[in-house]
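A single structure is presented below for examination.
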Amino acid sequence: MNHSRTYAQAIAEAGFQAMDMDESVFYVGQGTRDRGYIFGSMEKIFERFGPDRVVEMPISENAVAGVCVGAALGGLRPILVLQRADFVFLALDQLINHASKFHYMFGGRTPVPLVVRLIVGKGWGQGPQHSQSLHSMFAHFPGLRVVAPSEPYSAKGLLLNSVFCDDPVIIVEARPLYEITQSIPQEPYVVPFGRARTVVEGEDITIAALSFMVPEAVQAAGELAEAGKSAEVIDIVSVNPLDINTIVASAEKTGRLLVLDTSWSFCGISAELSAQVNERLFGRLRSPVKRLTIPYCPAPAACDLEEDYYQPASKVAECAEDMILGVC
Amino acid sequence: MNHSRTYAQAIAEAGFQAMDMDESVFYVGQGTRDRGYIFGSMEKIFERFGPDRVVEMPISENAVAGVCVGAALGGLRPILVLQRADFVFLALDQLINHASKFHYMFGGRTPVPLVVRLIVGKGWGQGPQHSQSLHSMFAHFPGLRVVAPSEPYSAKGLLLNSVFCDDPVIIVEARPLYEITQSIPQEPYVVPFGRARTVVEGEDITIAALSFMVPEAVQAAGELAEAGKSAEVIDIVSVNPLDINTIVASAEKTGRLLVLDTSWSFCGISAELSAQVNERLFGRLRSPVKRLTIPYCPAPAACDLEEDYYQPASKVAECAEDMILGVC
Amino acid sequence: MDRVEIVKQMIRIRMVEQYIAARYPEQKMRCPTHLCLGQEAVPAVYGHFADEADIFVGTCRSHGYYLAKGGDLTALFAELLGKPGGCSGGFGGSMHIIDLKKNFWGSSAIVAGGIPIAAGAAFSLKYKKKPGVVVAFFGDAAMEEGVVYETVNFALLHNLPIMFVCENNGLAITTPIELRQCRTTLYNRFQAMGLAGLRVEENDIAKLIDVARKSYDSTRSGLGPTFVECRVSRWCAHVGSQFDGPVDSWWKEPVRSAARSCPICVLMDELIEEGKIDFQLMRDLKDRISEEIDSAYRQAERASDRARPNLTEFVYASGLTSELPLGKRPIKSISFEHTEQPKLVNAF
Amino acid sequence: MDRVEIVKQMIRIRMVEQYIAARYPEQKMRCPTHLCLGQEAVPAVYGHFADEADIFVGTCRSHGYYLAKGGDLTALFAELLGKPGGCSGGFGGSMHIIDLKKNFWGSSAIVAGGIPIAAGAAFSLKYKKKPGVVVAFFGDAAMEEGVVYETVNFALLHNLPIMFVCENNGLAITTPIELRQCRTTLYNRFQAMGLAGLRVEENDIAKLIDVARKSYDSTRSGLGPTFVECRVSRWCAHVGSQFDGPVDSWWKEPVRSAARSCPICVLMDELIEEGKIDFQLMRDLKDRISEEIDSAYRQAERASDRARPNLTEFVYASGLTSELPLGKRPIKSISFEHTEQPKLVNAF
């Protein structure tokens, strides 16, 4: 049975169901008892499962991440949530030097099932220390899975898939998506890693996007349709592993690829996609792969600067049209 | 006047001269009084400048990085050295959330002149937590400069350039390069950021490499020459900013680009280079851009695994030859 | 020391924060804003004893510290409004404010992020043999971040001129300290490192003044770091414009019982009893400050907007080629001869 | 408690480390190797009191902890030799060893990296209401990493079954503690958090035994964390095979004065005086251990090499699609209805 859920509620539902299905699942975060419930994404969870399974964390990101690693070695399945992705820099020693490497460096002796939910801020002057989207950084390091859902269905299914997988998973969520609504199954289900999602089918250009750039891409596709151009929109969803086949197939069909990213392009997933698609479709693209991302600067606070910082659908459409017309 | 210096000695010389020229320069690190002098890279510095200007750090990477940020705000020019790059994860909150953003987020009010020397381990079972080459991760974030010298001349000139620039700079050094010898000027000099270096000229293929892959590339070029193929070897040197023009010009000439990296390819500088070159030389390359890097796994300890992990000159030559012959 | 000046500063901070709260819903100040309503005493007292040479480093809740250090009010409003004339050029917003002229060396939105930076500032003073001390302000939650222990160790090891001041309001956002820390007493946390620490109870303004003065004296005289835990109450929501403390009791209804929890009322009571001030004086003050605030805000609001936003101009401070300070010292000292190969005992 | 068993374990650890030191120059054990020569007492004593259910977590200097917990000697040698039969399949080397069967839960080469992980292990015991306690071993340098303070707070807050054991050898690589820490006394560092802490002086084996036993008792009985600082001396280079302590004095020249600084000699003296052991017994023991070591090493050396190295097989533990544990509990409990929209008070 389906019901209508926001992105936040879908995440809350997944967390609730995961904890309900398996007692080894526990949550840890800051603000777990707050009536805001981490922007709604943990609604009812504390009330239902109580303080033993919903751990309110000290503001000690590094130790808490390490506790999650140790708990995972002990057979538990922790979900660590950080209200802003930026705070995770304090925990990277545990996540990258330890969690991502333990299964490997101990020769496969022990899995580290561990989920980290990172919420990316955007707008209202969140500024440089509260707006970073860190999926590319995590994806550089082997041993982690990295996903960035753009809609309630993926958000729920990926969280469930992450909790019950045996590897450390980074889920990059975006605050501006939290109110997006979609009809999704009430029952628990998984969305596997490594699957991109074709959101709009089209012929003239492939627009690959993730997280909060997916809605912009869809809107751009609409604008392009009005101008008589047909864009295929692909939600990358899974940053690591990347579903390169789906994107290559689409780009092969359309002959053009525009990659949108919520983070910087330099050494980011947009570069990786471009590199792989160019290699696989060498000589078969109609125009160079383009990337449209935030500019190479920290997020500014002032709202006129912010407006320039993020790429709206209109800019996406413009860039795609230029590519189709061959003027760039 | 020139003299012959190892990579380690070149770094020691640059540090010594920087401190001698300007009293606002100070060093901080672990093992600054050890007679190993951080693998020789700080020889004579403590003896000459003493404990006030050569600070032996507690094993507190995060606080010490923050102290460097604060000292930089106070007009000093700190050089922080970590014996293994991997330890820097503990300091990323200060380096990425603070150092890289302060000049920007305070509207240009204050520079943060600060140098971090990171030494990358390789071989003898250094393993997963002592072998990471983190230049691509740092380059993803605006506000930092990132360089990775491969020879004594650049190592000295870049350290001097970094100390006297007003931005935070990450210098990625490689332990296996420390014994490489070269004749370099005795006098202080700077090597500007953003300049790649053509090491070998050639016609059939461009091999772009950095750090300890540069010697492999040069050796590979020799092997290729014996087989009648002519490779151009470019030392990337500066990861951020990237000297894309030099690489594009070379790839345009040869029609082929092979990128070597000491880190993982996924979301790394090799992807960035591929993306940019493909965009700039769309339709003008003779074969797809290829990347040859460490495989997508942490560094293993056992020596047979290690041997497989790193790409030797012979593999580089093989890959380049395949590209030239069009079999890949 | 002049308690009248202190109470005036407290009132000014209170009124600025109330003003922001009142106008925040207009949605012109578009940034996460952390007010210090109820927490005016610590900024005012520490600001009072600060010399120009002394340096403050703040947190995301820094309006009080900024103002108490003499930070420009118009530039603060302009920052909240995102104007190019803001104290951070509009790039930072309320969480990232700075006024270098007044030696307010910025604030970080990362809990405890400013603490080691403050120690670095103190290191620079000591290194350059400059006068002045640094005050690092932070909340109780910062005591949970390991970096504070690392920094205190570093500061003690180097005997740095730094004062650690923790405003313990018992809250991190909405989580009470009991859920976060094994002990809710903070002042003695560094005792085993050799830093005694002192606690000041809420609204014990006399003690706060005494402790602050002694801290400054001690640190200024070269005795190194001090640590003070100040118990306080936050009257506002963690972020945003909601609040519910007796913010106006000091001038509207100073004898109401709620006023007893107001640091301004407490200090005013004392001063009135001693005959140092009277209500009329305070009401006049209120009008003057009101005018100052109004006019500053209007000025900030009227200030020009960015003609054309240039997003990337401040990413880097300098270009690609640095200039060596050759000639700063005699060139001969630069020559450097290695006499022997270093022995690598520590070769891994 | 059986001190004879303890001294035997100390001797075994000593001899394994000496054996490694002797053969390290052959360059077959090709990895950074941190020996615990001189530091055998703490592993042996804590190992002696450990039950199977108890868990050890180590550092880059972990051979002693591993062996004392019952870790497989052949697998340790095989790991140093990079063999697929190594305790970590050859992927980790000396710094990353593990023996889950014996509840040795691994070691990290990041200073203090294992400490929060140990707390997580303790959390899992408490969560699952399992018996056992966790012992987190670390060196004096780990006390400089903020994460240790964060972890102690967390462990106390949750009353976790964990014992923090610091081997203070006064060195980080070659840097003395005086250059790194404001106070060289460590045992009382967490007192203000409510964790008393105890110190054991170097070679006071009786005290070490007493303190270790009491720690286990206290933590096992649900009283939460304990902290012990053990003063020790490291006789070897930080890494590699060089050493210069009186490693052989316990059986070669036990009455030599240097022997007084040897923890094995100290304990042996006591036991001989009490008539619990004699030299002959010890010499026989030495021969037996020697044989054990020789044979383990030979076995490790002869073990097969990797047929074809597969570098990436262990990067991930599971595939791309997870299976939901449906049916573990009645499906009805899974249905979940939102009744109201959450109110976002904390909207930034």
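Here are a few things to note about the model shown:
By written order: A, B, C and D. Residues from 1 in each chain.
Assume a contact is a pair of C-beta atoms (placed from the backbone, for glycine too) under 8 Å apart; a residue touches a chain by one contact, two chains touch by 3 or more.
Small disclaimer: the values here were computed from a predicted structure and weren't measured.
Taking the CA centroid of subunit D as reference, the farthest chain centroid is that of C. Remark: among chain pairs B-D and B-C, B-C carries the greater number of C-beta contacts. Per-chain Cα centroids separate subunit C from subunit D by 43 Å.
Chain geometry summary: the mean Cα position of subunit B and that of subunit D are 36 Å apart. If each chain is reduced to the centroid of its CA atoms, subunit B and subunit C end up 38 Å from each other.
Rounded to a whole number, the gap between the C-alpha centres of subunit A and subunit B is 30 angstrom.
Each of the following residues of subunit B touches two or more other chains: 31, 34-36, 58, 60, 62-63, 86, 90, 93, 97, 104-105, 124, 126-130, 142-143, 296-298, 300-301. Those residues of subunit D in touch with two or more other chains are numbered 32, 86, 88, 90-92, 96, 108, 110, 113, 144-147, 150, 153, 157, 173-174, 180-181, 312, 314-315, 345-348. Residues of subunit B that touch subunit C in their complex: 5, 8-9, 12-13, 16-17, 20-22, 24, 26, 31, 34-37, 39-40, 43-44, 52, 55, 58, 60, 62-76, 93-94, 97-98, 102-113, 121, 124, 126, 130, 142-143, 145, 160-167, 186-190, 192-195, 241. Of all the residues in subunit D, the ones that touch subunit C in their complex are 32, 144-150, 152-153, 156-157, 173-174, 180-183, 185, 188-194, 237-240, 345-348. Contact residues on subunit D toward subunit B in their complex (touch as defined above): 30-32, 82-83, 86, 88, 90-96, 108-113, 141-142, 144-146, 172-175, 179-181, 305-306, 309, 311-312, 314-315. Taken together, the subunit B residues at the contact with subunit D in this complex read 30-31, 33-36, 56-63, 86-87, 90, 124-130, 295-298, 300-305, 308-309. The part of subunit A that touches subunit B in the complex is made up of residues 62, 86, 89-90, 92-93, 96-97, 100-101, 104-105, 127-129, 136-137, 139-143, 240, 263-264, 266-272, 274-275, 278-280, 282-283, 285, 287-291, 296-298, 300-301.
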